[in-house]
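Here the structure is laid out as structure tokens; the discussion comes afterwards.
A, B, C and D label the chains in the order they appear, each numbered from 1.
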């Protein structure tokens, strides 16, 4: 970090900063500029509280220099981590899978039916919520373990791997029994006990970016999972909250190349939550693949007008099938491939 | 809700909307305007998924009308709910208490010492973190149950009630054994399992606003606690995340009158997190009281330069004592009172 | 608009709203719901001040329904407006041109040289600032009219059309003498006198979205130009300001399909300002074309390390040439074409 | 500035950075840390383009250190600049004046009447728009010069000084003929030609913060006016644009102490635009005074329900008179005074 002194700071104040830096187990290096003095701090300050240096008289501010994560960092890892959810759904390599499914598991028949339609349309894995985090306490909260069982039934029928959300540490064990990949939702992206619990189980983790999370914080959240022992983390950009009101969230696609430059972890895009409107999903899926996303996760429902949740942003399996040919061409244009499941025309 | 049709929607499309509205158990009312048609939906649609109506051909958008919370609403409750944390710290009445303490409980000696200093300076309750949610996985995570015991020791010495954060549902029982009030932090403000767990225990709950949370979502989060059986919820504005970079967060004080107009729940202000800089805490505390805040929660440390966490935004007990006379005058100017603990000169 | 009454509003208050609505020359239609009453207002209220209805006792809020623009709206115009800047640079049709050039015109030699390199790399028009809006009053403000002459010299040599910014109404006449297209920058996007002045001259107008502008406000700004008599408006998304700090701005690509759905005006993307980092420009250009952008505008400098302005976000002509083959493939994947200038291998 | 190298940057890359720094007329100072190397740049880099250094291989990013403004800076100016609009309205000293008036000048009778009511209620100057910047091109745009004459008539009757907005450089001369203080609105806060024009005329300037402007940018905008020769600049916080939707803008009161710490310029608060709702104006005015605002500017209309513009956020003269006693008490609590005009009971 760099401690920036005020223009009128005196030598004694600078010396006080140096003393505290040394007390912190770090080294100080004073640079006297034409307008002001800065103290460069040398050593690994990742675990140190930088803010307190701002309290010393004469200090204007403290500027961090080192990235606050290590295991998630790109340095020393030239290739992107490949996370295998199933044979059909491998994320981080040349292939770009499409994960699709309804917001909520509504019933066994419903989830099996939509899973079949998704498989036939060309999808590679099934998403669906059994435990639903709802802003409104009176809204449908998901079928819980029964929902997990319905997902497993859909997998048995279709062969599609299951990605489903876990809301709280005590449910992690239960969800790992059924799911092939655990999702940590945007609202839980800084629920550190949940991150740790997901880091201590063997399934891959799909970590969604929080609504007000910087890329650096997203990588620190991933670091919680990685440092707890689980190397299989997939990041997901799903829109952040801004002043924009034409979409539910603002899908920030520059997160894709940024994550690829700063980290070795793969990143996929959720254009359904990222826009909140079915009418924008196709175009934003195209954009996601074009800028290098390692996969897509889409809300797909067989009858969005009667969906229990998120009907406004769900597309139909037919729409998915219609979208895929152009998405395939875009993937190829950037040197990637949307895998063609057996029996689906390329 | 109001379903707004596109200007070129035809009668059949409008009728389709009406049908779906009726299927949802609600009543439809069509209004033909000069430029377009809207369908007003009559009935309690709080539990309904509005988005799916956007999927019907000819629909432009859906505008919600009813507030999505009931128990937290102001209607029918002319007076603000009074939450009693202790004899000295009653929030929501005429009195405006000051809760103060360090970000983290660092050790028994430290917490007892700062608690004494806070009591002597005029504080009414003690805050301090035993379980710390840290962005950085390698940073100090708090002393856990030992920290709770240290807080209890500080209470035994000073008589100050304890407010401390709980991070996960399984810790709720443990924390209630020690704390007088449970804090739900900003990062957990939409951790619905935690909200429910705090709603099912008897202590008052201090619910912090999330970094990207609207007022409506804050009141829905409170509704989770209220509807689980706990009527004693205190809201806390602590800054939201915006493009502003001179402060850690943007303290949005208009939340105070807005919450008072929309809800019967009391609301306090945290200017420490709300600004991130000790140098702004006094002025923003003044502003908070002036616009009607029901209390303050401040980070206070006996030696901020050596604090383990959040040193940059902690003020000293001396600073607290120095601030209070002006704060008292402001409180009186708006018809409130900062209570003077026994033995403290008014 | 819809006037939403408070749950406890009485009949007299509703009647007062209706009276004021009628005074405004509009019609009222009262709908009594189960929880509250709303007054639907019928008639063209685009020129009316909605806010004042909120002042009537018993009113909770007013919800606008009609879009506040007409000439910019999609309704009744199934095809996108085609704006011809030059033979090589036609925006809004099947072709997707690339506008490129340095942030500032630095000298005649420099601008001619980079224009040649851009033409040879495959660019379709030349951008370059003669009048520069600089945040810092002490920074280089552009060469003014001399800069315009240098641009004209570059056009004479290369045949590339010129797009350059105009800052103030009194410069409009001068800039139209030299430029083929006038740019209104993000900071001037709500400078209504400038919008009007650009609406009263014959050149096409490139209107950049402001840093905190909604899509609806962008279309209203376009409406200023359109209603002043100039039908040739090109919109440009160049990033909005959010909490994100890894980029200079947050490039909101969902603006592309949204503008296409709401308006007949073409929209191009500026990934240079939209990210602020040369290292992100290629990927975001790809994403822009994939989601349907009608063109790109890129900062290109022959020697970014020595650029006078915006060096950090400028790419080299070589980088541009390297990018184009993949961009062409993406354009074709979505049914568009980046035109190949004569003499450039496709 | 500090140039942060990537962890894997080599010595040659560091040397290349140093070379470019020296070419820029600055001095380089290399610091080799445990994880990475940084190059501290010594000298006044305020006029230099920092971004271009990011283009050198091996550079991770560039961190600015010096504030980009000088004349607006607090350093060397211990006391706040006092700006005298009139005898009754002096901003920046102990007194805290209240500027009030309608959004638009609607007619001579109207403006004289409301000016009298404001004077009688205790206001110190009259605001009112003759030239109105309207988002909607079809909305009322103000009476122009006739509006200025009506304001002058109101001043002749009441003795209140006039503050009114100027939209474009060519109107500056005209507005200075009538107004006592020129307002630069939020949408024009980075209209640099207008800032310069206002810097070259003799009246005080009220500079509103833009909707997406940082404090640093606000001070740079002020620097445009100051460096053009006009030392009498008053800043105004009027809300910034964020995700919050309960208010029209988010009033960021921490701007008050921040500006006071970084600059010698006075700052006033506009709670009318800052909230957009008359029902929040009183509480936010209280908060503004408590945290040290040097004045208030309020929208006041004799009949908000019939106001031509901004009716929703205008309070009545009666409401103003009712607010003032508490505001006076708060001002006194923080060592300030709202002056009592002759004939008004204190």
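Heads up, the rule we're going with is that contacts are C-beta pairs under 8 Å (C-beta built on N, C-alpha and C of every residue); 3 or more make two chains touch, one makes a residue touch a chain.
These figures come from a predicted structure and were not determined experimentally.
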Between chain pairs B-D and B-C, which one is joined by a greater number of C-beta pairs in contact?
-> B-D
Where centres are the averaged C-alpha coordinates, which chain has the largest centre distance to chain C?
-> B
What whole-Å value do you get for the distance between chain A and chain B if each is reduced to the mean of its CA atoms?
-> 26
Take the average of all CA coordinates in chain B, do the same for chain D, and state the distance between these two points in whole angstrom.
-> 30
Distance in whole angstrom between the CA centres of chain B and chain C is 39
By residue number and range, which residues of chain B touch two or more other chains?
-> 212, 240-243, 245
In the complex, the residues of chain A that touch chain D are 2, 4, 6-8, 29, 31, 33-36, 38, 40, 42-44, 63, 65-66, 75-76, 241-243, 245
For the chain A and chain B complex, residues of the former touching the latter = 20, 23, 46-47, 49-56, 62, 68-69, 133-140, 167-170, 187-188, 190-194, 210-212, 217, 220, 223-224, 227, 240-241, 276-278, 304-314
Over in the complex, which chain D residues touch chain B? Could you list them?
-> 212, 214-216, 240, 242-247, 250-258, 261, 274-275, 279-280, 283-284, 286-292, 326, 329-330, 332-334
